[in-house]
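Chain nomenclature is as follows: A, B, C and D, assigned in order of appearance, with residue numbering initiated at 1 for each chain independently.
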Amino acid sequence: MDIRVQEAPFDLGAEANAFAARQAGMGAVVTFTGIVRDLGGDLDAMEIEHYPGMTEKALAGIAEEAMRRWQVGDVLILHRHGRLCADDLIMMVATASRHRADAFQAAEFLMDYLKSRAPFWKKELTQAGEGWVAARDEDEDALRRW
Amino acid sequence: MDIRVQEAPFDLGAEANAFAARQAGMGAVVTFTGIVRDLGGDLDAMEIEHYPGMTEKALAGIAEEAMRRWQVGDVLILHRHGRLCADDLIMMVATASRHRADAFQAAEFLMDYLKSRAPFWKKELTQAGEGWVAARDEDEDALRRW
Amino acid sequence: MDVLYFAWVRERIGHPKERVETRAATVRDLVEELRAREDRYAAAFADLSALRVAVDQELRDFDAPLGGAREVAFFPPMTGG
Amino acid sequence: MDVLYFAWVRERIGHPKERVETRAATVRDLVEELRAREDRYAAAFADLSALRVAVDQELRDFDAPLGGAREVAFFPPMTGG
């Protein structure tokens, strides 16, 4: 289990390769990567605030729950905070399992919980002003399926 | 859409980075990677046979179907054939979408169809002898959910 | 106890953290005390359905007891990922 | 037409491809002709439920017509991914 909360950029490719390389006997690796979108075409930056201490605990709790529920050999969660620009990578998760269904489901579970239960908040800074990204009802609803 | 069937190894990290970098306006990238497992601890090699011509057509058809069904901006399918060893990467798919659910579902759909509808066959060469990997009922059943 | 604010709750109240001496039995009691302080607190806590709370870094509801809590945090629904 | 064999079907029959002159109307008719040839064909086609067929590189069932087909392929259920 590898949980990292960091301001620095990360290299998706290097992380994916390292994660896949350390899996023994796992036939399936799933990664999810979140990328900053510039929805209005005028995004200057996205600022991600988090709750140091609680963030790491919440992410570890979510990862442990995923490992309890599915046959996954390993979980990676990596999430940035601070100031990001359009097209920057925000975060990634990776899961490994013997059969693909477990890796897929565990990755979707991690994402659903991370979205609504890990203490991160996004603020968009655009030419028109700044505003906190509102939580989406779909994200809260997504938790009900687990 | 990027479909490749090749004997040469591929670099998951380089492919994932290149795929993520060419997505404009997509907030979510999902990758799946399949890895050769040595289930009995005595695998000398895995040989993957395919049907040149049909393979590329079948994969393109599956990718097009995924792009029709979900809001995905791009799809990558890369599959090796020939002789592989334990822990070698067999194949990968990648999907990109605005919202994560589309990328996840499209990737699962690609994998389910690729498993049972693309003309690849795996043979395991072990110290005890050689044998063709049998199709799993679960893989056929998995198609029914789509 | 330490009371922490994040995102627009922090911006509305004007600081990220403060020391609060309280005998509030529950989170809701603490919210009432804070609301009574100043307009900016009243504004930040105007609609509890728009807020989430963590007690000692665990998500709780507003009826959660505060006995022994060292750290309470208020923030909007989370938007990670 | 060209008839192709893959995986254990290829191994059982002993070659990957052959030219077949036939007037078979359907895949099933073609299978009957092949079965009648030699034991190794009969062995390969003993259980059609263990086989899949493609006509001109499209998956079909055994009742598919062969009119105009240039290429028919027989193989076990696929195991990609």
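Heads up, the rule we're going with is that a contact is a pair of C-beta atoms (placed from the backbone, for glycine too) under 8 Å apart; a residue touches a chain by one contact, two chains touch by 3 or more.
The structure presented is a predicted model; accordingly, all values stated were derived computationally and were not measured.
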>> Please report the minimal path length, in steps, between chain A and chain C on the chain touch graph.
In response: 1
> Distance from the CA centroid of chain B to that of chain D, rounded to the nearest Å?
Replying inline: 26
> So what's the Cα centroid distance for chain C and chain D, whole Å?
Replying inline: 71
> Could you state the distance in Å from the CA-based centre of chain A to that of chain D?
Replying inline: 48
> Counting only residues that touch at least 2 other chains, which ones in chain C make the list?
Replying inline: 81
> In chain A, what residues contact two or more other chains?
Replying inline: 34, 100, 111
>> If I apply the definition of touch given earlier, which pairs of chains qualify?
In response: A-B, A-C, B-D
> Across the complex, what residues on chain C touch chain A?
Replying inline: 4, 6-8, 10, 54, 57-59, 73, 75-81
> chain C touches which residues of chain A in the complex?
Replying inline: 34, 49-51, 53-54, 57-58, 79, 90-91, 111, 114-123, 132-135, 140
> Given the complex with chain B, which residues does chain A contribute to the contact?
Replying inline: 11-17, 20, 23-38, 87, 89, 98-101, 103-104, 107-108, 111, 138, 142
